[in-house]
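Report on the following structure.
Chain lettering (A, B, C, D, E and F) follows the sequence in which the chains are written, and residue indices restart at 1 in each chain.
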């Protein structure tokens, strides 16, 4: 089978997972895995912040312009699709695209601001969509290691699936796509209830008590369901669950030792890539148990 | 120059229903002096018009001896007669006329008269009958033979009674076989056969015949058999006419313009016309 | 017709089962709309003959609305289908003769769509008001039968 | 009196007429056909045709004409006479056959009572005829006692004597007044007898043989056989300058209406249809017979003049090529079949 | 005499006179409209005195044309036409000007309203002048009625009509009649067991010799018109001969496949392949479920006639009937045609079971989240658990049960905006049934509003709260998720303003009452109207609640909209009474609004030229060919003729006829022309 | 061609398969032909055939006088033959009552009639017997067939109105257009119905507009574009433009061409669920 030239799609890392950021291990694992399977990721030249932070709360037009600029850049360099692994970014890009499409006046203002046209027929996908659409067969094909009864609870968080009418990705109440990937790499997806419950997100600093309660519920439910580890696809979820696990344990008098891994890292391990290159050494809760499961 | 197509304005004084679909109007002139100046001869016709519907031709059914009104009888058939049907007492309609020639009643003085009418064709004869009855002494005996399909179809029912009551008029009424009602006193049979039975002696008698084409077709030979010479038999043709003034080229039978040279013709004149009516 | 402000005159041919009931429903819902329309009720849009439209224009209508049941809902099964086919052909003919097709509007309004009736009729009135009075046709009336001898064949333009 | 009119002084003629308050009607080319229409300036006039498509009848007896208008109030009616229909005008460039149709039609429109719409227009319109300098196979004016340069019916007759000069002969007093009014336009008559360029129309049949045959051939199968191809339309009767049949109808809204006189034709089935459905002339043969009889027998008996001026328009325009002169040739020549009763 | 028209302008209380100067309208009509002889205004024309005024004036003034300027003809056209009939005036000389719905209510500005009313009245007077007397068409009536649907609505209607002495044909889609009511345990507000009150009626129906019952059958097609419907019924193959079978139950006891989900028990219980839906089934004769029966599956796989498959013949062997067995595998679907005079549609409702719509309640994943009807089956003595409340997942008796109201109702986001009317009552009933059976159990109810509006309904729901101790929490449930073997229900209590989290053993959703899946296709088959939620539309919400838009087709029960059993039975009775009225007359009078091809005396006979475009467009095949023959028998011309019985008066032929030789009575050329002509614009 | 025609006509008359032959004879001028009705075999030499035979003889199937002559053999060109198909479908004639004598034709009229410029019926699509060798019927694309309309469709609304008003003003209501049309076969035309008078009989602009629009509409989906109405109009109104426009719309919306296929349903007597309704709101 003649290997046709690998498909190129735009890669938009966003501030959270780019090189040198707090959750850079998600970014590095995504890139590392993409070197083996799936389409070739090419970082969009001169990308800027997607406006997810305080911008979109304070100035709607500014945040839209920021997102649209990225899309226009991608468009100009000819990409038909853009991967935005971080759900905050993918959600912002998709929503901005829709706002501009629905509001002619806004479109004009944004185009004036970024001095670029935005016809906006570029498709924004998140990491799970990328794997589901392009890599399922390759995983099955190139999988080298299968973990021994490694029970994984896949945690989607909120921004991957909500608001459903705009994102329309998977079933907002009971998503399955990450579970399918987990199954594909040989681990055992755990049926648990808190797949899409909120982890407290942005309140991690301002209302830590609330975040602790919510993350405790998630960890408790995962632990009760017998999960050995929790797979995530969002830097915010990872931070809240991984960073404070010890504090939660103290607060709610329950010893949790559940490693929080990115789905890209799991795929990497299945492809027998080096744990360090996947950034598995950068987690608060030691991920040794997961790495060994793949031994 | 006055407009020959301009009708007089008439309003309906009275109306009576003669038979199913047949109605008689008594018309008075809206404008007084027009009424007084208006004269006509028996046998003449006019064009009655309903404003918005059009004009239609029928005879003046009343006799010239009746001064201040004219009457007309029509059957509900086409656009104008349907519109006439919708008019009420007091409504306005137009009348143009009088047109055409007249029954030569002076020539008939001193003679017997026999009027033969069929169905809806009594109105033209009624005008001349009343005219003669109003000058009764000028004529010897007068016979009227009038037939219709059924008893209900007989028009001018009350006048028939009046004529029947008069001793100086011999009225014979008949209905087609099957059209009679239980209390029907008159004859039963088609007009031509009744004429054969009851017609007076033909010498020195004038016959005036009017009816639907098939009745005319059978009655004329009967009269001939009874000795009525063709120039002694008069009839009136209700052909389709439009202007009544010889301009619109509609009513000619051969070279005779019914509206100018008719509608009263003798049987002789009719026989000379080509068979085109 | 006083020349204050041009008020278009609209005649609406409505099907009795759906749009007429829809108009009634707008009434029970007290939904106001402009009063320029005169409604003529017929059993079905299938029973509306293009001759009615020509006569309506001759009598001075500036705009005409023809409305009935949605396809499939016709009380007589296929009335509106045949009507639709008729208008598919009659409308381009009038357009070809220079009559602005905006003056004749067609719509499907069911018995439950009082709101849509109000929208549609207001839409027609506004559209026809924008077009102004239908001078072309009304001039035909004024020229009427009194073009006697002099203009018989000169055919002044409309 | 006689005068001379040069082609390039048509302009001053038309402007002169306008100044005198006349409306000018002249033949005007309109892609395939030449029609008599109102014109504003001279260059619209075209005279190089055989005959105009429409006849001058239209200006005296229009195709549709209001003879009365009225307003209706519940049951009261007010009538109102139409005015201003007779406009002082000049028909320039009519043909002698057209012109002759006017005196012929005068007879019926004044028979016993006068139709004011016809008479007032006759007074208001002056006819300036141009003699025919060419004809075609349809013309048969000579067969009905006319000629390409006949004068009857015209007020002024122009005859072409050179390719842009016309000999002007006034025929009636009205014509003379017109020429006097526009003295400046005309120049003195040519000396000697100019050679008048007049078309020669060969005679097709003997008119006085027609009526006797018609008198005793009312029933003849030629009527049916000749008229099988006739489709019963009104084209021949409407373009014919001497057909004068009309219909009177009312057209009204709820509050006001008009009584209208429209052209009608004896070839239509509905012409003699009674409301009961009975039709004295039910077949096309009968109607075709009526057309011939009315023109060449009835009218002759009534007003002793033939109701046909031989212009040939009916044959030119007939969709089925019913050539009237051909019919008359059949009638007027001896070897007709014997009378055959259908 | 020409037409003498009376114009009666109604105030309609103030509905018209508020925005239309009725006096001026009457006065203008008398002044300008030709033919108008008498005008008056009256406060309530439709009232008795109003109609009396109309009758008296017709007699006194000798009117032969009437224009009533009042509300929509759809409301009172019949009322005023009947009033005219009483005076001997032909009803088709009475016309209605719609001044209320189409003028006074929608044009508040009085001068505009008045001017428009004057126009509307003039349009109708002009039309009345051209009205011709029409005599209603006599049509023979088939003295039989068809009831579609065997639920309580159908049963009640069928019994009432049968008791009225007329034959009834009932068609029921399922194997037995009973509908949803048979599935209920006790019924509110009296808590009497539904089986006890319904089974006698079902038996009465089965034994009623005026009722012919088709179960396991569907309506294939309905043609014809009022009084003369031809109904094609598809009798689905039952594989059991109803006449022979005695219902001895030998066959379904031996049937090997026992694991088929029972539709009657809403999937909680199982049934065999050859089965009767529930013990009190009428007819209590089984039907073979050809989808799941091993024999039929085998026959299908091998593509051989079912009778030849030998895989499993247990039921036929067990059948005691001799000499011919009551079971017959080769039975085929059969189409039967019935002629009926009137139809009652009682097709019932479908409970919202598409729980995938509610992902937040587990989307059908949790066995212990059940619907209202499933709870009924649990509570029902003839149910899968013989009345014991056991959780479907592990059969444990639930200590805490959460009831959630308005699941799928009053929820525009999920596409259903209406209130299903019965859930408040049946949820209150459920809490009582639950407490009676599990004394120390605790019931929570999340509700938006308690809508118990019927007689004794409010007291019933208060009893559930005060005496039975159900806890009513005003708020919606945001999520249900499984925690251990408990179901955690996250909701809100808006009265206390607090978030509520209940660890429940079982959750009952009060699911919405939806229209049947095939409601739209069914409505188009009968050409009756339906609304956006696919419930069938009644002719008039207040005045004609049980009639559909098609003549002689009546509606009863929940197919017309959510309602409870008392209302359903009332509607069934109403529909039955209308049918009885219809069938009481030997001949039916049909609106004489039918088309007619003109006939003229010879020699024309008719202006129709016989192109038969009219015949091709007529949806009812009401136009036939008629040869006009001369005396000697030769055909002069072939023209069209309208069969008055079949013609429904749509006017399609009149609009298609180029020479306008066919006209529709009531809307003929002259009338429409008069209306257009009267719109005095120029 | 003429000899063959005469021979065939004589055969038909002698063998009494037909009572009369409708054909073309010499007209009153060389550039004209007229319909002739041959009943006796010896008159067949009156028949001729040249490029002036524009007449559509099928119109005589509707007239009572020519019907009384008995079963006819009609000489038809391709365009005239289309009328036979429509008349059959509209129950006006029975197939066995007419003997169709087809003639292959490559264009008539001097100058060439517009219908012949885009003619795809050189050989008639229905005939009992054919004279002249068969010419392959060309497939002419949609736009080419209706090219004549383009310049009129491009006009603005005002220009269209003025153009047609100027044309309709000439109309003298002689009804030659409906009398010549073989498909205008109503005994009592809608114009003659006076209760109510839908179309004003007077020849003023209002009456002319309603007459011409109604005549064209009544031929929608029926007219076979033989252009006779336009030829016979004494005041030369381009009537066939109206019929051609309707034919274009019928074909565009319903894929129906009148007179081409005997068994598909008449356009205006049926409907399809998916008929165009983009102008419905």
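Just so it is clear, a residue touches a chain if its C-beta (ideal position, glycine included) is under 8 Å from a C-beta of that chain, and two chains touch if they have at least 3 such contacts.
In this text the structure is predicted, and so the values were computed from the model without any measurement.
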Joint neighbours of chain F and chain E, given as chain labels: B, C, D
Chain pair showing more contacts of the two, D-F and C-F: C-F
Most central chain, Cα average position: C
Chain B and chain E, separation of their C-alpha mean positions in angstrom: 66
Chain B and chain F, separation of their C-alpha mean positions in angstrom: 49
Whole-Å gap separating chain A and chain F, where each centre is the average of the chain's CA atoms: 74
Distance from the mean Cα position of chain D to that of chain A, given in whole angstrom: 97
Residues within chain F bordering two or more other chains: 190, 194-195, 197-198, 202, 204, 235, 268, 270
Chain C, residues touching no fewer than two other chains: 55, 59, 78, 82, 86, 141, 144-145, 147, 153-154
Chain E residues counted as touching two or more neighbouring chains: 604, 617, 656, 660, 673, 677, 680, 682
Chain F to chain B touching residues, read off their complex: 194-195, 197
Sites on chain F touched by chain C in the complex: 152-153, 155, 157-167, 169-170, 190, 198-199, 202, 204-206, 209-210, 213-214, 216-217, 220-221, 235, 241-242, 245-246, 249-250, 253-254, 267-268, 270-273, 275-277, 279-281
Chain F partner contacts - residues on chain E that touch it in the complex: 604, 607, 609-613, 616-617, 638, 656, 658-661, 669-670, 673-674, 677
Complex contact set, residues of chain D against chain B: 67-68, 70, 72, 75-77, 79, 81, 108-109, 111-117, 119-120, 218, 244-250, 252, 257, 259, 261, 264, 266, 271-276, 278, 280-281, 286, 290, 293-294, 297-298, 301-302
Of all residues in chain D, those that touch chain E in their complex: 72-75, 253-255, 276-279, 282
